[in-house]
Amino acid sequence: MKIRTIFYLMGQGCMNIIKNQLMSFASITTISACIFMVGIFYTVSVNMDYMLDAIETTMGMTVFFDEGTSEEQIIEIKGLLEARNEVHKVNYISPEEAWTNFKNEYFTGKEDQLAGFEGENPLKDSASLEVYFARLETQKDLVAYIEALPNVRNIRQAEQVVEIMQSFNTLVRYSSLVLVAILLIISIFLISNTIRLGISTRQKEIEIMKYIGAKDAFIKGPFIIEGAIIGIIGAVIPLSIIYVFYERVIEVVTTEFVLISNYLIFMDIMDIYKNLVPMAALFGILIGLIGSRVTIHKYLRV
Amino acid sequence: MIRLENVTKVYPNGVKALDDVSFEIEKGAFVFIVGNSGSGKSTLIKMLMKEINPTSGSLFVEEKDITKLRRSKIPKLRRSIGVVFQDFRLLEKMTIYNNVAFTLKVTEAPIRTIRRNVPMVLSLVGLSQKANMHPKQLSGGEQQRAALARAIVNNPPILLADEPTGNLDPKTSWEIMKLLLDINLRGTTVVVVTHDKEVVNSMKKRVITLREGRVIRDMQKGDYGYEN
Amino acid sequence: MIRLENVTKVYPNGVKALDDVSFEIEKGAFVFIVGNSGSGKSTLIKMLMKEINPTSGSLFVEEKDITKLRRSKIPKLRRSIGVVFQDFRLLEKMTIYNNVAFTLKVTEAPIRTIRRNVPMVLSLVGLSQKANMHPKQLSGGEQQRAALARAIVNNPPILLADEPTGNLDPKTSWEIMKLLLDINLRGTTVVVVTHDKEVVNSMKKRVITLREGRVIRDMQKGDYGYEN
Amino acid sequence: MKIRTIFYLMGQGCMNIIKNQLMSFASITTISACIFMVGIFYTVSVNMDYMLDAIETTMGMTVFFDEGTSEEQIIEIKGLLEARNEVHKVNYISPEEAWTNFKNEYFTGKEDQLAGFEGENPLKDSASLEVYFARLETQKDLVAYIEALPNVRNIRQAEQVVEIMQSFNTLVRYSSLVLVAILLIISIFLISNTIRLGISTRQKEIEIMKYIGAKDAFIKGPFIIEGAIIGIIGAVIPLSIIYVFYERVIEVVTTEFVLISNYLIFMDIMDIYKNLVPMAALFGILIGLIGSRVTIHKYLRV
């Protein structure tokens, strides 16, 4: 095929978009709508994931030590733990802090009852470490490791809560995966419908071209160009909309929901687009291919 | 050039449009095909350009059996045949100019050729003024002439014209016929399906007459025939 | 019955298809309209059934100015006019029978009428055998006759036929013309656009000749004219 | 219009569905896909709402009483509280239970330190009531009411947690509302696209009918019937799919996520369908109307 012909076919592809206004409009909006939906749900679920990850790091356990373990030994263990990457953060709780916390929790408003403890810290051997998980999945290993350390008396952890959280994360992750997958399938389906409807309106045109002696490539060419352009436009629109509204929505949510705003940790739009943009581009290409496939199979056989 | 051997066409709904038809048209001939409405003339034309396939028998175009043609070779066959379809088949989204130029673009002809030939054939059929209009903006006869212009623009070795003057007044009809004769004199094999008795009778060319799918008459320097 | 007063039609692209045309056709007349390809004949027909509107001037059908017709009254006008379109305009998704019956269904005619009239007109145009086929399965001439059958099935007071024999052989053409004459004798006003010189010359009816959108000749018992 | 004509037009509507296979297929699947999406998201968000409501009832506060308040008085207050409908449940915690809980929490593994408390319950005046909320919104009123009761010393509540939960609920509720709304809008849009494409392929047909003298109603009739049938089929398919899969998904989720299964309280499918089915039916009608509207405005003006 001559270069000139390729340019001609590209020109025809562009012309087709203008000439088949209804079809182009329908295709572009369908693709936009689909990518928009998938994009929104992808963004929401990626953020949910991200937030759950962040919440995981607020989960932890308390490690108690044998009577007589010195502060230095505990600090040493703290260092050991911090070096592990299952661990997000380690806090040292001195016996004094432990007693203060205890009093605050149990005897607020009835300080008189504490008379018996005057001057003496009943928890003087209760220095402890608060260990926060970086990842819930490895929590069991970490517990096993800590239990094997010298001087560790026992570990108090809200095991149930941790596991519940973990289950919940998994559930959310799988559900959003399934939902995004369903949306993707539906999108591909809707778009191929639109393409087929559009092509059927041009069936007569394609047949005439064939009767005049046009080769398949000559007829497909403009369709592929057309499909690609429509795909690109159809991807750029929703991505721009999401881009523009993302920061706004975050702003609204964080100001409206101040209370939970420190659980609402949003990803940077660029981190999301790192995956979303290639996905959308792939979609565009896919559409071009589907479009030409359908043409070949349905209407070129004359 | 064109040879039919025992060609029979039965449409899926059981209509037998052609029934054991055999004849040969030599290179450079000018042949009329006449016959009643529904006698199988268009079926014949459609078969020659492989729009449809015969139920049995063989068709040869330039010594090649086109019933055995591979799909990838069909465009080549069609480019060697200019066709004026009975229902015109113009591309509605293109101007008349582009409709005609399309035949040349398909063969990747040089731009110079396109720029020269298209206006030339449009003026031959008297449509220079209408080059930039779309088919829907033309009268019936104008569309028919556009279809003819498209069929002849790339000087194909064979020209099939199905009722090329059905929508034309006698004067324009005659001009078109003279044009076809001209093209024929330059070496193109021309096959014309027509109902125009006067034209057929006065041109004294070979006339093949069909009736109910059979060749009932095949005369050199023939006429339209009386019983039709 | 039909009266044109200074009708001019300029298409949006600037083509002047009709230029100050005035004439009258009385009830029960049989009129030929002839003229070169592109002289404005189909434009005239399209205007009478209000497919398009004139740029200036008035058209009267049964004493009503149809240029001033309300949208809701258009169906009534069209039901009173049977039209054979130059491009047939058959409904591709319906069988020939249903295409013809559709005209009657639109007017909510009794089923009995449909069952009686449709087969009758189909046999008049010689298409009884093809009643259950779809338009695409018919030859050009057969489609043209189907279009005629549809136009006459509800006995409209006016019949407009645009090139009703363009795809027909002379014998069938004559039969169709006799049919139109028959219908005319039963009181229908018939307007036929045609290029068939022989038919026009031998029928000795009124002939209106157009050239470039103007009436250049209007003769009772006229002929096709020589210069055309 | 005669009854016979109406039957004829209905017949034509059905015929059209069969004759315009591609279009019917495209419309039905588009509608199905849209209702399916909206249906799934509606189901998910309704269930989330339901679960959050259920979780709210596990949130509560502890009410402590003045020294010397008798058990009878406390039980009486318990009765008072149970009568209020902001209250989901009230538990009486006797001083013995309080002390047992306390010991379990703080002295597991170091029972020796408890020697000083032997034989005496240091929390003997700490009988309390655990009050669970039926609705978080009314929590503040309830607190005010309880504080005004006689003998109430103080109320310990995880106020922060309650408010966080409440914010979270609101966020989820609004987000799912917005998402379902977006899906609905996209759906209407996609469907009207499909209808327009479909009608444009039949433009010539409609024009011819007009030229023959058909009135608008005569042309619109079959379109409306066609639209309604397509709408109904397009609604029944996704509703059936959701119906069939709903119980399965619940089963899978509750067996796979045993840990959180008591937080996963699913609504009865019938309760969901009570709203979803009328919504889908409305959709069908809407589609019929849009279809005929489009026809009138675009192609009947000849």
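To keep things simple, chains are lettered A, B, C and D as they appear, and every chain counts its residues starting from 1.
Convention: a contact is a pair of C-beta atoms (placed from the backbone, for glycine too) under 8 Å apart; a residue touches a chain by one contact, two chains touch by 3 or more.
Everything numeric in this text was worked out from a predicted model, so none of it was measured.
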item: Relative to chain D, chain with the most remote C-alpha centre; value: B
item: CA centroid of chain B to CA centroid of chain D, Å; value: 68
item: Geometric centre distance via CA averages, chain D-chain A, whole Å; value: 23
item: Euclidean distance of C-alpha centroids - chain B vs chain C, Å; value: 28
item: Per-residue multi-chain contacts in chain C, two or more chains; value: none
item: Chain contact topology (line, ring, star, complete or other); value: ring
item: Those chain pairs that satisfy the touch definition; value: A-B, A-D, B-C, C-D
item: Touching residues on chain B, where the partner in the complex is chain C; value: 11, 13, 15, 34-38, 41-42, 86-87, 133, 137-142, 144-145, 162-163, 166-173, 195, 197-198, 224, 227-228
item: Interface residues, chain D side, partner chain C - complex; value: 1-2, 4-5, 8, 19-20, 205, 208-215, 218, 301-302
item: Contact set on chain D toward chain A in their complex; value: 22-23, 25-26, 29-30, 33, 36-37, 40-41, 44, 64, 102, 106, 108-110, 113, 116, 122, 125, 153-154, 156, 160, 163-164, 167-168, 170-171, 175, 179, 182-183, 186, 189-190, 193-194, 196-198, 200-201, 253, 257, 259-260, 263
item: Residue ranges of chain C touching chain D (in the complex, touch as defined); value: 49, 51, 71, 74-79, 83, 85, 89-93, 102-103, 105-108, 111, 150
